[in-house]
Amino acid sequence: MDATMPTAEELKDLTIPTLGKLELPSTLSLTSDHFVDDSHQIILYANQKQAEASVPAGAAQPRFELAGPRAKLFFDPKKINCGIVTCGGLCPGLNDVIRTITLSLHWQYGVKKVWGFRFGYQGLSSQRRGDPLELSAELVDGLQHKGGTLLGSSRGHQDVGDMVDTLQKYDVSILFVIGGDGTFAGGHALAREIKKRKLAISVIGVPKTIDNDIVCSEVTFGYSTAIEEGRKAIRSAHEEAISAYNGIGLVKLMGRDSGFIAASAALANSDTNFCLVPEVPFQLDGPNGFLTRMEKRLARKRHAVVVMAEGAGQELIKGPDKKDASGNVKNKDIGLFLRQAIEADFKKKNIPFTIRYIDPSYMIRSCPANARDSIFCLLLGQNAVHAGLAGKTDMFVGYWNHHFTHVPLSVAVGRRKKINPVGMLWQTLLLMTD
Amino acid sequence: MDATMPTAEELKDLTIPTLGKLELPSTLSLTSDHFVDDSHQIILYANQKQAEASVPAGAAQPRFELAGPRAKLFFDPKKINCGIVTCGGLCPGLNDVIRTITLSLHWQYGVKKVWGFRFGYQGLSSQRRGDPLELSAELVDGLQHKGGTLLGSSRGHQDVGDMVDTLQKYDVSILFVIGGDGTFAGGHALAREIKKRKLAISVIGVPKTIDNDIVCSEVTFGYSTAIEEGRKAIRSAHEEAISAYNGIGLVKLMGRDSGFIAASAALANSDTNFCLVPEVPFQLDGPNGFLTRMEKRLARKRHAVVVMAEGAGQELIKGPDKKDASGNVKNKDIGLFLRQAIEADFKKKNIPFTIRYIDPSYMIRSCPANARDSIFCLLLGQNAVHAGLAGKTDMFVGYWNHHFTHVPLSVAVGRRKKINPVGMLWQTLLLMTD
Amino acid sequence: MDATMPTAEELKDLTIPTLGKLELPSTLSLTSDHFVDDSHQIILYANQKQAEASVPAGAAQPRFELAGPRAKLFFDPKKINCGIVTCGGLCPGLNDVIRTITLSLHWQYGVKKVWGFRFGYQGLSSQRRGDPLELSAELVDGLQHKGGTLLGSSRGHQDVGDMVDTLQKYDVSILFVIGGDGTFAGGHALAREIKKRKLAISVIGVPKTIDNDIVCSEVTFGYSTAIEEGRKAIRSAHEEAISAYNGIGLVKLMGRDSGFIAASAALANSDTNFCLVPEVPFQLDGPNGFLTRMEKRLARKRHAVVVMAEGAGQELIKGPDKKDASGNVKNKDIGLFLRQAIEADFKKKNIPFTIRYIDPSYMIRSCPANARDSIFCLLLGQNAVHAGLAGKTDMFVGYWNHHFTHVPLSVAVGRRKKINPVGMLWQTLLLMTD
Amino acid sequence: MDATMPTAEELKDLTIPTLGKLELPSTLSLTSDHFVDDSHQIILYANQKQAEASVPAGAAQPRFELAGPRAKLFFDPKKINCGIVTCGGLCPGLNDVIRTITLSLHWQYGVKKVWGFRFGYQGLSSQRRGDPLELSAELVDGLQHKGGTLLGSSRGHQDVGDMVDTLQKYDVSILFVIGGDGTFAGGHALAREIKKRKLAISVIGVPKTIDNDIVCSEVTFGYSTAIEEGRKAIRSAHEEAISAYNGIGLVKLMGRDSGFIAASAALANSDTNFCLVPEVPFQLDGPNGFLTRMEKRLARKRHAVVVMAEGAGQELIKGPDKKDASGNVKNKDIGLFLRQAIEADFKKKNIPFTIRYIDPSYMIRSCPANARDSIFCLLLGQNAVHAGLAGKTDMFVGYWNHHFTHVPLSVAVGRRKKINPVGMLWQTLLLMTD
């Protein structure tokens, strides 16, 4: 209820493509009870009333395939190479995922060679800079305690045919793509090209979005760490604000299209007075506008803390759009905009104030994962490996109703999970702020 | 799947008692979409195959009432007093819950007086030490950044009639009891006595178990912080172990009956070699016993890390049982036991070794909540207040399939959630250790 | 040797003014051995060769009076009020100093009333906003765990006569001014005005400069915490840099005129490649300039980390000077300047790169003090109180050769301690970087 | 003044032995101003009054040789091998020292081979387990972020002749021994045997004592980190104590013979009520004994925090002495003793109470160094390398009056630095506690 839900209509086809039948026995030393088959499925709506409202009468609820180890495999682990690539901005837990996939492939399944392609999809193109890393247990030792990504990353698209050529050159049978919706669009294109060429190469997505905006996954890795670190920045802003007369602390957190980090960190901190997210537009001027509310707040308490998602208030900021290497429209700086707007307004009204603007984004993105994210990454990576060995493809590992699931890549392309303004997260925040 | 599930049979009656009809309008400034009514219900099994296997054909799945603000109330907030009591051992987040309940009652609903009874149920008895605290916004300011409990706590039972007398003396309409299954047994007894006396007093439980062992709640507050801090202790044990020849690091973590903290912290850390929990008995001696496996591990790697839940291996330790003030059997010290067993065995075999035993329990219990737990506490406290004002009673706020729920107190009494040995958590741990 | 030393000539008069004779017995419960008298003096040069080179033959070395409790007092603690004021930017430890001075005055000496003037020297002017706080043990309870300043702060000068009027109005006998060299200039002016009016009011300075740039004090509070936190920011920059092809991480740390924080945090982190401080000018262009060295470094290692003091490279940046409320010239943003310079240069040369600029200043300034700073603040505050009760005035508490000392305020006015480019700190840094 | 000072008589010979004349030019790229020669000397007493009281009239003060790079060397770096060994218990910063010595030898001086002997002096004996590690820049990369010691450690003595044989076998010209006074006794014995054999092998000590008890060094590495972490444990004890009626929190910290960590962490935390150290014996019983004072404290405040050095109160505890592998008498557990004494006494007197005992020692010893300790380790390691290359021997690098110094190993053997009970540290603590 915190997030907008995908509709039953949008999810009418949740079938996961497979490369072929499962005929080889698993190499995992598990009790037989632990193996999972495709008949285990997780329903979309745990809330029965939502189900009734959203699913046409007589129709079944959309269901996700349950992730987990399969008793039979498609690939013979001892005969294949695998590849890993990390794309987009840094996110706590990237190294945990790389480490888990590597160790699970080597130790649990017995795969001999795992290639780490360098610097994002660029590492799969013929224009790549240097050879892929050969990932070993030694190389990933202790990696779970480090931020960043061992493989390097980059933004931007590459030629799909060229990338499939590279996969063939390195004889890769399973490619793990770790990234967000843009990366998944690339992964989906790869899977289509692979199908066209009739190759047996599996493409498995691991959702990486610090913003927590991938649809059909209740949570993504790095998000919990981001809230933890974001809370610290808000606490700093609060200390700065209360240490000055009419002190104002501004904190900008990640969240291009979805304000989950800002809203959650603001809740966790509980000292926030204004929270601004892309999903809920606001007015700057007028009797109910931000500036008037700020003025009233200061008159009442002599300090204020504002937490902004980077994508908040974009409609208020003038100027030409710029795009990054991935083609995303770059956000204009809402923090600078608000600071200038407050300065101009308060100077005009002759209200004394002190303002501090904190942007901790790179310090948060580069953190090692906290314990919860480390566990999540470990289970995510394991389930990605299980799916790949079972010959699943063109899918990513999601998390829904407390279970790991398989979701078609296409579902996440061109859609984003957003805060539900009438859901519990946002409504609770409204009750706690100002 | 990580935990054993309650059976459909056990949960056949999930009806929440209410004190009367909802006739008063809510004082909450919410959009009408945000109010929830009892027709919203969360199903027990999101995994459809589990549902089919567990629910008799033709029968409906067990469902939990959805928590949340009600548009109509039973109590008139302006006319009532409320009370809060915290029981049992410390747990990160206790102060967050106290703060949220206090602020939600005062600010959102307009309740005038909130009593904080001191030192657990003792504070409700006529033998109490000192008067209850009157909780105000000033008193709970910044409380979310502090460990411990502002109200104090204690273990042990009190006379039920005597406690209801105190509630009447202080004219309490809603009592929030924050504690574990023992505390909930007390709360359930209170609710029965209240019913017998035909009083309109609501008893709302907020589950507090650092061990995460309350049934019908996927997770409880403090558990996430405990894993974070437990991971640090394991890392220390690992540094000690690798810095000595045949170095052994032992870490004992909380978990009287359920090994969730030990298993999760071991997963999060990823340097653990042996994880021992109450749910999975183990042998000390013999060719497949712990001592032989330890010997082999050292021969291979020259160091080892062992993580134990405090309730692990109790069947191996001789000596008379002791009980604490709440009547729980006190665990014998598995860490000392294992240290002595290893020392005796290795000296006999003339194997050199260095052993370090770390017990960080009190340092973990007294931590402030991490961001995730703070958010969870805040939502938990809010939902407890919503339930109380709506006249619900003899229930606690649970968390199931990503929704907050209402669960009868009786469900949690005398039962504990445990690790499912064939579930994903334990099976993944087996794959990652030794 | 890390810092430039004041000359013997500059320190020829280190006499501390006193308000009168010490005639009242101390109220401290100390062993007699612990009392200190003015005959205890700390020499300037512990390095005998420096002493020989700097002090004229036959002349005595400059010596600082030793700080500490005096057996006899000038003021009768039970009859006086005291005041505290905090000025300038935030610095970890401000609250520790406020707490220690308050508790030492109340508990150890028995002073009845301690006024906390709000928002810097503004709180001493007749234009002040609101009354001073009356500081009590309850109010400062737990304050050592919080960043910021309970009293609030501000920059800027106030009329000296007006401030002395306020001191008289509140009947203040000892004023503790916590701030940097600008604040000490104000304190020195207060002391002169007090002397002119023939009042018995003591002015005691407590040096607060996160930059560690007060002369005649080897170290100041907050500096150790700043290095700890600065190191974290550098680590983030390093993770960002190594995760991109030709990744460059820029970190700007505090240090308007003195680069101690930047240099020390760079040493502590040990992953820094370039450290830029105000004391050591550098070239941007040319064969030995920064841009060429950066290009070579990237060609060699594919990533680089740059740590800058905020006052570094000011001579390279064009544009008009601005001043802050205290009249200090505001630094132009060396981080933005370098980022633009690198971008322009590398685009011209067609070198691909990714650059991240981190400015953690407000997050560092608002931290609670680390343990070392907390201890330092406690001893500093205690010694400030001892000095005040003994009727010392127009002085601050310094730290020299491992002893707390008394130093005339005038010594610190208009001078700053700077990195010694031929000293151990800078030379070691040169050996460890690039 | 915090610590007892060595007497001038004890330090009458501070001459550092050298292996021969300095004839080779340094390979360091330093400005000539940065080189140091033996005429730079640091005086013992910066407090002039102490000097007058302690040094016989007409005699010169004892002086320590200043550490630092020499313009001329004894060894040709390109022709020698060096060795490093770490002994005794873990201490934050061990890896920093190993890393700095390795990098300084390789990069700054051009030494080709650096041997890391494994598991303490055992690694120098013919009974050693496995070969020494060859230390390279790759192997020590990132080591400054990790606790423990890469080389492993052990306690206990080895045959001196046997160890010198090993040094000859590996053709070691400079051996760096990192350890405490026991390790230095071993190093001193090595230096004597080397002299007897007329070998040109330098033995340079790097003081490692988390207890901060090496004489003639104001501070040692790891001590600052230990205080930081110790403070956290005390805070936990405080939260536990205030959350119970008559709650008592006991914390045992390191400090076999010297209570610096306990006293400093207690000061840093400021919530401590009783601090017990080996230097200041106390009574358990009687009207002024610990038990009575505890009873009074509880009656007044209903909670208490006790911080103990592990060596405190040994004279009160009955039972036979045990020794560790190094021959040190093992401390009896003062924490258990006090807990039992309080339990027995309070039960007898029928006083209700709750007691929690926290022993965080291994969690502290295994931490990575904080920023201050990292810097200290770096400068210490650099100066040890400078001394070794200059042919100094049988000495360790100390820190005195804010300068790094050379001190004969013999000075530290059989003596320990202790808290001065009439000094500022202890007297301030007395003022702040109870």
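Letters A, B, C and D mark the chains in the order given here, with residues in each chain numbered from 1 onward.
We take it that a residue touches a chain if its C-beta (ideal position, glycine included) is under 8 Å from a C-beta of that chain, and two chains touch if they have at least 3 such contacts.
Just so you know, these numbers come straight off a predicted model, no measurement behind them.
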item: Graph separation of subunit B and subunit D (steps between touching chains); value: 1
item: Per Cα centroids, the chain farthest from subunit A; value: D
item: Mean-CA-position distance for subunit D and subunit A (Å); value: 46
item: Distance between chain centroids, defined by C-alpha means - subunit C, subunit D (Å); value: 29
item: Interface hub residues of subunit B, defined as touching at least two other chains; value: 235
item: Residue ranges of subunit C touching subunit D (in the complex, touch as defined); value: 1, 28-31, 33-34, 39-43, 46-49, 63, 66, 68-69, 99, 103-104, 107-108, 144-145, 218, 224, 227-228, 230-231, 235, 264-265, 267-270, 370-372, 374-375, 378-379, 382, 400-404, 421-424, 427-428, 430-432
item: Subunit B-facing residues of subunit D, complex; value: 90, 118-119, 122, 129, 146-149, 152-154, 232-233, 235-237, 239-240, 242-245, 247, 354, 356-360, 362-363, 365-367
